[in-house]
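These are the structures, in structure tokens.
In what follows, subunit A forms one complex with subunit B and a second complex with subunit C.
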Partner chain A sequence: MPGVEAVLTHAQVRGSNRQGVIRKDQPVLVDDKVRHCGDAVALVVARDQGTLAAALGLIELELEPLEPVLDMTRALEPDAPLVHEDHPTGNILLAGELVSGRGQAALADCAQVVELALELPRQEHAFLETEAGWAILTPEGTLEIVASTQTPFRDRTEVAEALGLELEQVRVSAPYLGGGFGGKDGVTVQSLLGLAALACPGRPVKMWWSREESFLAGVKRHPARLHYRLGAESDGRLRALDADLCYDTGPYDHLGGVVMTLGLEHAGGPYRIEHVRLRARAVYTNNPVSGPFRGFGVPQAAAALEQAMDLMAQRLGLDPIELRRRNLARRGQRVASGARLDCSHGLEECLQKLAGHQWWRGRGAWKAQAGPFKRRGVGVAAVMHGLGYGPVVPDVANAKIELTPQGKIRVYSGVADMGQGNASTCLQIAGQVLNQGLENMELVLPDTERTLPSGSASASRTTFTYGQALIAASGQLRRRLLERAADLLFVASATELALLPGRVRHSASGRELPLARLAALMQESERVAVGRHRAPVSQERPTADEALRLHGLPHAVFSFATQLAAVELDELTGQVELKGFVSVCDCGRLLNQQLAEQQMQGAMAQGLGYALCEDFAVAGGRVQTPDLSTYLLPTSLDAPDMDSLWVQAHEPSGPFGLKGVGEVGMDGPLPAISNAVADACGLRAQRFPLTPERVLAVLGRPWAAGGRP
Partner chain B sequence: MTAVLLPSGLEELWALWEQHPTAMPYAGGTDLLVRLRKGLAQAPALICLERLKELQCIEERGPELFLGALCTHQELLEHPLLRGRLPVLAQALAVLGSPPIRHMGTLGGNLATASPAGDTLPPLYVLGAEVELCSPAGVRRLSLTDFIRGPGQVTLGPREIVGGVWVAPPSDSVRQHFEKVGLRKALAIAVVSLAALIDLTPQGVVRGARLAWGSLGPTVVRSPRAEQALLGGRLRLPELRAAADIVADEAAPIDDLRATAAYRREVAGNLLLRLAQYGGG
Partner chain C sequence: MKLRFTLNGRPVELETPSDRRVVDLLREDLGLTGVKEGCGQGECGACTILVDGVSRLSCLMLAAQLTGSSITTIEGLAARGRLHPVQEAFVQQGAVQCGFCTPGMVLAAVDLLGRDPQPRREEIRDGLSGNLCRCTGYQKIVDAVEQAAQPPQPEEEP
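So, the complex of A and B:
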């Protein structure tokens, strides 16, 4: 067809044709069987969009129908078809168990036991910028890929292996992303772009998924089924927990095992519980691919645990905040997962602040003012969230910083900025160490050729890990600049000099050396400094299961948060309106309060969608919500005013005492909202999101039984 | 590339349309452009009506109000005549689409699209509105029920457009009420909506009731039996409950992604209970 440059299938993929991080099971182009509705089978390269659309319409697929695995129950049946015939544990991608004390047997001795079963939906990232990039095979034989990615360095390895290239032949760069939320933590368009570019040497190729394509083929938050039994003494001490978490990971690993493992680690939350059995499974199905999404398995776990906590508080007649406070594992104590907490820990103070907040103290009066057919409730949740990769996979960042020949400070950032603003924070950190303002600074965004490997922009570790590397690099450059300046100014010691914006100054004499002048007198190798940092790992061994350790369990450093939701329910329609929201967060010292608050506000909005309206529906393996008119994100009108408060527990292992803030705000909104709904009506739904229909079904017909108008 | 023609008056419209007989007219484009992108509609050329000043007025003409088809929802919503005389319509416009859509979409477009969930339709039904149609041959008036024949199906002749709506405002004794149940506060397609005009005697007795529901059937749903049930009674829960049961019993909505038929039926009735607020205790 005129205008069609290439039609490619797996036959043209010269490498492994497999992508993935832990288990490499996802093809670039399908070569054995189609495993979900968004699998790519063929790749067409065309001159323009019209030609491309016409060409795609001409493709005829000959498929032999196979029996699909459409839900977790079926996947786990002994006679279920296997999604991957070669996987040793069948349709169970990964399973893990943490047992301590007498495990679930101790429930029998508890004064009170509450039980909860939940079904949580698949959630779509719905970033503003869908998966996109462009690539070119240069005359020198380098495959250059520019992509919207959170993981340029890992992508480079994955693309090289999948396409059969040497690592040095591939360059990946990651300019600012229009949102990621985990949905670009892993390869999306990169290998397809590479394949297309290899087929059209010297010509740029571009791929930019439409919203519908992004919905169809992009990864989602894992739908999950959870079953919790929580036991306590009559004085409110938690004693036993039996938790079972089941994650639908779709047909490919795509970090699903890691997501499940983080969920498992957080299944008992920030509490001391002596006897636990925590079990989790990630299950292969032929549903859309589940993968990383802000929160990474923890929102599911927190949804169950934090509702169980409220059930227990109600059962015991205890204040929900007080029950949580009494059971917190403090620094040096073990949380339910079995690992000792050694990081900075401000959750108790967070709970105190929340208990003193107007929304909590004044909730009785506010609830009493509900109008006709309205009911009001206030609920809370408390969560912790581990930072980084865990004990085995090195959580490393390498920073590079340069005094340019023009005398500017140039930061080479190895971690992508997907909108959370860590690039600004990088400049702030380097600017702080080197005493330079923005006007004297430049930034190079992640690029495997120019910046150093620094891991992913994910796992709440972006600034936490890279920031430390950057402080080291900046400190080194600072020393070098001052020492060289001391030599040039005939000053006895660098300590007599001050590094000022754009210049070095000898305080005693007032003599100054502009940085541009200094740069001109230095060789390139002197003008560049690098720093490396590896985040601390936990020495705890709550499990001997090496697979779980590889998948990240346990973590060493945690951020904490407690959140409050105030809701109003309509008895006639079942609609739930979020009227107020408070977050009190300990993510260590704040380097940039505005960015931190935006993280909490964004998490509140995303969490409110998760709780009330977002449901990426799939039936028979097919997407039922293919676009933004059927998949309902909350709008700005649905989000209430929000209060963000902070407890800044200095974390020695973080840059200037900081801990990660990207995810911890995402874990609490769903249980806080559900607890608020239960506070309003005394009842809970088992399935989420809490659509008006589900809430009305729970409410029944209160007005029919002589209820108040 | 699709050509977009921009007539600045009706005469120019008729002339352009004659030259481009397959061109498709549109106003705000909030429905049509979405359909074109999805491939659900094909238009070799488009005629944008937004410059037809004749059809952008809101004015009192005798006992009636004329609402020009090309008024945006926001213009209508902000107009004192609408707010003062037709609050049932104003309440619907306030929750139609989203702020940007209310600034683009028009009353004529909402009518011509004839969605079962069109937010202006239940109010216009209870108001007994009539639709004015314009063509080169002149102007004609149709009742709303004659104009809307089914979902997406309207009575429009060749080269005929919606010119506006005629409404006789109810008297001051009539309580005007609208409520929409959506799954979020903006950009929500109604799961069910209710428009109600209730005429009360000074003693609070119902002497007239007009009810219309959106998203409960292929077009706006009326219930003469429920209206009848309210007559002569007061707006109290038992009376409203009886009418609600009639609606829940009569209605035959569909299941879709947004809600089940059972939910729609139940809530269609429940929404009547909200009228108790006009009953004075």
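So, the complex of A and C:
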């Protein structure tokens, strides 16, 4: 067909044709069987979109129907078809268990036991910029890929292996992303672009998924089924927890085992509980691929635990904040996962602040003022969130910084900025150490050829880890600049000099050396400094299971938050409206309050969507919500003004005392909102989101057509 | 067809199929990549442009509809190197995270403030409800539009 440049299948893939991080099980183009509705089978390269659409329409695909595995229950049955025949544990991608004390047996001696079963929806990232990139095979034989990605360095390895190239032949760069949230943590368009570029040497190829393609093939937050039994003494001391978490990971690993493991680690939250049995499984199915999404398995765990906490508070007649406060594991104590907390810890203060907040103190009067057919409620949740990769996978960043020949300070950032603003934070950090303002600084965005490997922009680690490496590099450059300036100015010691914006000054004599002049007198190798940082790991061993350790358990440093939701529920329509939304967060010292607020507000809005409207529906393996008119995101009318308060518990292992803030705000909204709804009407749903239909069904309204509570 | 319209203050004349989507015309043919496409279905607002001062979704418009009109994209908003007050307010309030929704959001806000120079917060939320943002939770965007809403200036005589 004229205008079609290439039609490619797995037969043209010269490498392993497999992608993935822990288990490499995802083909670039399918070569054995189609495992979900978004699997790519053929790749067409065409001159323009019209030709491409026409060419795709001409493809005839013959498939032999196989019995699919469409839900976790079926997947776990002994006679279920296997999603991957070669996986030693069948349809269980990964399972883990943490037991301490007498485990679930201790529930029998508890004065009170509450029980809760939940089903949580699949959530779509719905970044406004869908997966996109372009690539070219240069005349020198380098495959250059520019992609919207959180993981340029890891992508480079994955693409090279999958396509059969040497690592040096592949270059990946990551300019500013139009949103990521975990959905661009891992390969999306990269290998496909590489394959297309290899087929069309010397010509740029571009791939930009439509919204429908993004919904179909992009990764989602794991749908989950949870069962919790929580036991306490009559004085409110938590004593035993039996938790079971089941994550539908879809047909490919895509970090699903790591997501599950983080959920397992957080299954008992920030509390001291002596006797626990925590179990989690990530289960292969033929549903859409689940993978990283802000929160990374923790929002599911918190949804169950924090609702169980409210049930327990109610059972014991205790204030919900007080119950949480009494049971917090403090610094040096063990949380329910069995690991001792050694990081900075401001959750108690967070809870105190929340207890004093006007929304909490004034809730009685506010609820009493509900109008006709309205009910009001206020609910809270408390969470912790581990940062970084855990004890085995090295959590390393390498920073590079340069005094350019023009006398500017140039930061080479190795971690992608998907909208969190960490690129600005990099400049802020280097500017602080080198005493330079933005006008004297430049930034190079992640690029495997120009910047140094620094891991992923994920796991709330981006600034936490890279920032430390950058402080080291900046400090080194600072010393070198001052020493060289001391030599050039005939000054005895660098300590007599001050580094000022754009220049070095000899304080005693007032003599100055502009940085541009200094740069001209230095060799290139002197003008560049690098710094490396490896984040500390926990020395705790709550489990001997090496697979769980490899998948990240346990973490060393945690951020903490408590959140409050005030809702108004319409008895006639079932609509739940959020009227107040508060968070009090300890993410260590704040380097830039505006950016921290952005993270918190954005996470809370996504959490509000998760609780109230976002449900990526799949039936028979097919997507039922293919676009933004069927998959509903919160709009400016749904998200209320939020109050973000901070407790700044200085963390010595973070840059200037900082901890990560990217995810912790996502964990609490769903349980806080559900607790608020329960406070309003005395009832709880088992399935989420709390759509009007579900709320009506919970209320027992006869007009709740089809909504199951 | 031969198409004539004004783009960011400059007359444009070009040959294009009459059914070319305006978003493609602007992005692909004219290189104005500040016009974003987030859905192609009129759901997200990322492709918002001003047509004779009124915000419209360029993914739902066809080239022929541009005939004779005056188009403003985000590229044309700053005058003589100075940011528009709405843009300035977005920067100051931190209303931009990934920035993908920002061009559409800013233009929708300019349109809103043109119709209602001093909207209340709820009116701002209402006026921007056709523009999705996945990053910010909208709060700082509303703050920015509030900041940009100036007390009415006395009309200057031409």
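In this section, the second predicted complex is superposed on the first by the 700 of 709 C-alpha atoms of A that agree within 3 Å, B and C clash if a C-alpha of one lies under 4 Å from a C-alpha of the other, contacts with A are read in each partner's own complex, and residues count from 1 in each chain.
We adopt the following convention: a contact is a pair of C-beta atoms (placed from the backbone, for glycine too) under 8 Å apart; a residue touches a chain by one contact, two chains touch by 3 or more.
Only a predicted model underlies this, so the values are computations on that prediction, with no experimental measurement involved.
Once the two complexes are overlaid on the shared chain, A:624 sits against subunit B while remaining clear of subunit C. One of subunit B and subunit C touches more residues of subunit A, and that partner is C.
After overlaying the two complexes on the shared chain, residue contacts for A:420 are found with subunit C alone; subunit B is out of touch. By the touch criterion defined above, A:613 lies against subunit B but remains apart from subunit C after alignment on the C-alpha atoms of chain A.
By the document's definition of touching, of the two partners only subunit B reaches A:573; subunit C does not.
Contacts of A:601 after superposition on the shared chain: subunit C is touched, whereas subunit B is not. Of the two partner chains placed by superposition, subunit B and subunit C are both touched by A:637.
Shared-chain residue A:691: touches subunit B; no touch with subunit C.
Of the two partner chains placed around the shared chain by superposition, neither subunit B nor subunit C is touched by A:134. Once chain A of one complex is fitted onto chain A of the other, the partner contacts of A:366 are absent, as it touches neither subunit B nor subunit C. Taken together, the two complexes place residues 629, 633-637 of subunit A in contact with subunit B and also with subunit C. Residues 36, 38-41, 43-44, 46, 94, 97-101, 121, 124-126, 128-142 of subunit C are the ones that touch subunit A when the two sit in their complex.
Across the interface of their complex, subunit B is touched by residues 372-373, 572-575, 613, 617, 624-625, 629-630, 632-638, 691-693, 696, 703-704, 709 of subunit A.
If you check the complex, the residues on subunit B that touch subunit A are 34, 98, 181, 183-189, 191, 237, 241, 257, 259-260, 263, 266-267, 270-271, 273-274, 276-277. Within the complex, the subunit A residues that touch subunit C are 125-130, 176-181, 210-211, 418-421, 594-595, 597-598, 601-606, 627-629, 633-637, 639, 641-642.
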